[in-house]
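Common to both upcoming complexes is chain A, partnered first by chain B, then by chain C.
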Partner chain A sequence: MSELLQFLFSGVTVGAVYALVALGFTIIYNASDVVNFAQGEFVMLGGMITWFAHQAGIPLPVAAFLAISITAAIGVAMNKLAIEPARGAPIVSLIIITIGASIFLQGAAQLVFDKQIHDFPAFSGDAPIRVGGATILPQSLWVIGGALAVFVGLWIFFTRTLLGRAVLATSNNRLAAQLVGINTNFVMTLSFALSAGIGALAGVLATPITLTAYNVGIAFALKGFAGAMLGGMGNPKGALVGGFLIGLIEALTAGYLSSQYKDAAAFVVILLVLFVRPQGLFGRKSTDRV
Partner chain B sequence: MKNTMTTTALALLVALGAAPAAMAEIRIGASISATGPAAFLGDPEAKTLELLVEELNARGGIDGEKVKLVLYDDGGDPNKARTFATRLIEDDEVVAIIGGTTTGASMSILAVAEDAEVPFISLAGAIEIIKPVRPFVFKTPHTDRMACQKIFEDMQKRGFTKIGMISGTDGFGASMQAQCKDVVEDYGIEIVADETYNPTDADMTAQLTKIRNASGVQAVLNPGFGQGPSIVTRNYRQLAIDLPLYQSHGVASNGFIELAGAPAAEGVRLPGTALLVADLLAEDDPQRGIVVAYRDAFEEKTKTPVGTFGGYAHDAFLILTDAISRAGSAEPDDIRDAIEATSGLAGTTGIYSFSAEDHLGLDLSAFRMLEIRNGAWTLVD
Partner chain C sequence: MLEVEGLRSRYGRIEVLHGVDLKVSQGEIVTVVGANGAGKTTLLRCLSGVQPVSGGRISFQGQPLTGVPAWKRPARGLTQSPEGRQIFGNLTVEENLRLGAWNFKDERVGKDMEDAFQMFPILREKRNLAAGGLSGGQQQMLAMARALMGRPACLLLDEPSMGLAPIIVQQIFDVVESLRGRGVTVLLVEQNAFGALRIADRGYVMENGRIAMQGAAAELIADPRIREAYLGI
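Right, the complex of A and B next:
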């Protein structure tokens, strides 16, 4: 029993990290149909900038705030300098631009910071919390709480606010959105800032568990992307559920079957789901009017 | 067009003019992964070589001849490493090559070096580099097989017969896992649990729970590298597993204690080099002088803590300059013969004695079994 509980704790810890990254994908995707492959770099920047600032003597909460703000600014810069000039380009080209931005950010981080692995202290200490013979770190609760908070925030944003609906409208039909008076340029800028900020938050929360280095972004982006695809791209609920599901499948496979198969098991599940529901668990079915 | 012609002609003139001057110095080539996925190994290696060349020339070079280092960054890409090796030999006309941070890069450099009959000293771990013995290829790091043997020796001494293993699936972890499984029977030890994790995984409590529940397990070994072993160590304490934990030489650096956290790392044992415990070495230890000198110089120049990997580059440079000085010649053939005749040369990694059959030149005594106590390294034996 305590064994199962430990596997579940392991699963939600990892799953919460995936879910947080997956949530970052949703906003840009909703605004532009672009899957932003630089999302993982935002996570890396969140961790690295916080470490850098904290090490320079800035208190942790301020360092974290700085990291999120700077990363959001970098997101805006990325939109202004790389995505906006290529506005007329097909989605695939834009996605490739985000891959380029990802490589650039990674290289820049390597130069500005360094090539070593870093961490900063956990927010509420390192003493594990014991529940029924299993243990979980307080930092895991921070990550899980963060994922849930971001989810609720996004859900309210997209369904209850005018701005959130403007984002969805821009994604649906940019021209029509402009005609009804939505400033689509502003929507794009905002969506990059929010996505980058959420990515950085994921980095800030996860680093005490996962550690950080200039090259951790790709792994985050891949797992987060898998979570987002499983749940349904663009849907915050899907990102949350998808991320946690992948974490749990990995942990349970590692625990009961063999750790050699844990990634394979997760991807088999993703494939099966996508065969049956190509739009993901919670994705909207896309219909093209002919 | 006309412009390019003039610049090319100019460049040619400059090159021709510079060539005779350059012949007067000893040119040593290096292809190191200073960037890319192996950057955290290659970066200290490149800095070490630059530091040593600077020091050597300040002392007047080798027998009065200055040394020039031609350093390329292959980014860990074996194809680039091959190109740079060819360029080093054909264009830069170096007398020897140091490098190949990763096994992949080393394998592609050694083919080129062997063909051109230029001595090559690799900084990578795999045993395949020097087995079978190739006349012009040497290496400085001990093999992961030796690390396994050192660890199992210690386990045998403590009376452990059943152990669990949790290995990274990266090249280092996978290779060491295979080597350990290959030699484990020689020590009468049985592996009762064999788990793996991805180098980027964030939590290994599932695997560790499984290992803890394996029947009769007495100790756990974690071959791995990068952040994985730090997370394993943290999870190990989170689960309050009270079995001895062994790490590999892949994390033998102060960074590991820092990342895992001193309380979590307490009691962890691993095979490391003298470099980590410079101050603990006996006054008459043959390695003491060189280890302390290198550590102080490196930390003074780079303001970062010294590590095992920079030490590999240090030793390669030491072996090479020692051989050139003994050979009294900078001809590749003479250098090769002199390297092979190296005997009892104390480096940071161990004491090197090469022979026609042994191009690694280290034995198990090069490893020191270390234990972390109160956030610092201590010598076990």
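Right, the complex of A and C next:
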């Protein structure tokens, strides 16, 4: 029993990271229908920049803030330099561009930083908290709290604010959005800044547990993508639930089957979702009448 | 209010507007009629700034619109209900209307929405439903109401009757005519020449990217050439 609880704890922790990545996917997808496969690199940048700034003597909270801001700026630059010039291209081309951007960011990180594995201290110490025969790290609570806070923030943004609806309107019909006076370029800039910032936050929160290196991004992107697909692309609630579920499935697979199959779990889920329920758990089938 | 001189526009290498001159005065309903492919929609796209202009000039309320991005034009008083309705299908009817008033945050937004519901009562019934599930006629009403939420001085209307049942077309044209009383100037583009000319003050006939004929709407309706070519009488 305590064994199961331990697996659940580790599943929820890693699931919270995937949920944050999936939430990042949600914003850009909602604004542009593009699945941004560079989302994982934002997580990597959040961890790496924080590590770099911290070992250079900058206090951890400041280093984390710097990392999130710089990564948000990189997200905006990626939109301006890679996505915006290709406007009007088919969605598949744009998605391939994001894969290219992902490879570029990974290479740049390898040059600017190094190829080593890094971490920085946990925010509230390393003393495990005992719960019912299992233990959970204080940093896990930070990650879970971060995922929940970002979810609530995004949910309010998309359902309660006019700007959030403008983001949805832009993805639904860019022409009509311009015709009512929405600056669609600004909406795209904002989406990339938010997405990249949330990705970097995931990296900042997770690195004390998962460690970071220039090449950790792809795994985060694929697992976060699996979470977003499972929950229903574009739906913040789906991203949150999907991310946590992927983490749990992964931890239980590692615990009860073999840790060698751990990474396969996410991909089996993607396949199942595509076969059985392509719109995901919370996704709506599109029902436009013409 | 709206002046267009020598307007040219192209899609790639193919020029589709070969120098269009057109004028709309305050309070008028002006219609541009013509066959499919004559360039009517391109003309409206140029006016809204979503189609590049390759020559000529557009001025609105005495100010040139050249270089003004599309998203800044509604705030100047120029809104469009586009061809094919282009509603936000994944948002509710009410959210569509609210976004129509994107530039405004005052109490008048609520009042304007009330006006829209009075103009098209079916929209009130469906206010909380996804706009994508509305019928074609209801979507057309929503597109017009959304454009009116932007408090236009001049409303550009592209093919509001397209693909709709005659009874709905009549209702739409009645609403367009009623805009005269609200102080909204209207530029109406239509293939349904008879319906459009009946409610308009003046009309232009467009053929192959040029203005082929113009005049008072009543004269155009009576003109034998128009009757033969466009009215099928």
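As a working rule, the second predicted complex is superposed on the first by the 268 of 290 C-alpha atoms of A that agree within 3 Å, B and C clash if a C-alpha of one lies under 4 Å from a C-alpha of the other, contacts with A are read in each partner's own complex, and residues count from 1 in each chain.
In the analysis below, a residue touches a chain if its C-beta (ideal position, glycine included) is under 8 Å from a C-beta of that chain, and two chains touch if they have at least 3 such contacts.
What you are looking at is a predicted structure, and each value in this text was computed from that prediction instead of being measured.
J.: Looking at the overlay on chain A, is there a clash between chain B and chain C, or do the two fit?
T.: After superposition on chain A, which the two structures share, chain B sits beside chain C with no clash.
J.: Kindly classify A:Ile103 by the partners it touches after superposition: chain B alone (first), chain C alone (second), both, or neither?
T.: In the superposition, A:Ile103 contacts neither chain B nor chain C.
J.: Look at A:Ala166 in the shared chain and tell me whether it touches chain B only, chain C only, both, or neither; answer first, second, both or neither.
T.: second
J.: Look at A:Leu60 in the shared chain and tell me whether it touches chain B only, chain C only, both, or neither; answer first, second, both or neither.
T.: Neither: A:Leu60 stays clear of chain B and chain C.
J.: After superposition on the shared chain, which partner residues are touched by A:Val14: those of chain B (first), chain C (second), both, or neither?
T.: first
J.: Considering only the touch criterion stated at the top, classify A:Gly181 as touching first (chain B), second (chain C), both, or neither.
T.: second
J.: What angle, in steps of 10 degrees, lies at chain A between chain B and chain C when each chain is taken as its C-alpha centre?
T.: Apex at chain A; the opening toward chain B and chain C is 140 degrees.
J.: Counting residues of chain A touched by each partner, does chain B or chain C come out ahead?
T.: Comparing touch counts on chain A for chain B and chain C gives B.
J.: Please work out whether A:Ala73 is in contact with chain B alone, chain C alone, both, or neither, and reply first, second, both or neither.
T.: Neither partner.
J.: For the superposed model, what is the least distance in angstrom between any CA atom of chain B and any CA atom of chain C?
T.: The answer is 32 Å, the least C-alpha separation in the overlay.
J.: Shared contact residues on chain A for chain B and chain C?
T.: Shared contact residues on chain A: none.
J.: Could you list, by residue number, the parts of chain C that touch chain A in their complex?
T.: Residues in contact with chain A: 48-50, 69-75, 79-80, 82, 86-91, 95, 98-100, 102-103, 130, 132-136, 139, 146-147, 149-150.
J.: State the interface residues of chain B toward chain A in the complex, per the touch definition above.
T.: That would be residues 35, 37, 39-40, 43, 195-198, 200-207, 209-210, 213, 226-227, 230-231, 234, 238-240, 255, 259, 261, 263-264, 304 of chain B.
J.: For chain A, which residues count as touching chain C in their complex?
T.: 162, 165-166, 168-169, 172-173, 175-184, 284, 286-290
J.: Sort out for me which residues of chain A touch chain B in the complex.
T.: Residues 3, 6-7, 9-11, 13-14, 17, 110, 115-119, 126, 128, 135, 137, 206, 209-211, 213, 215-216, 219, 250-252, 254-255, 258-260, 263.
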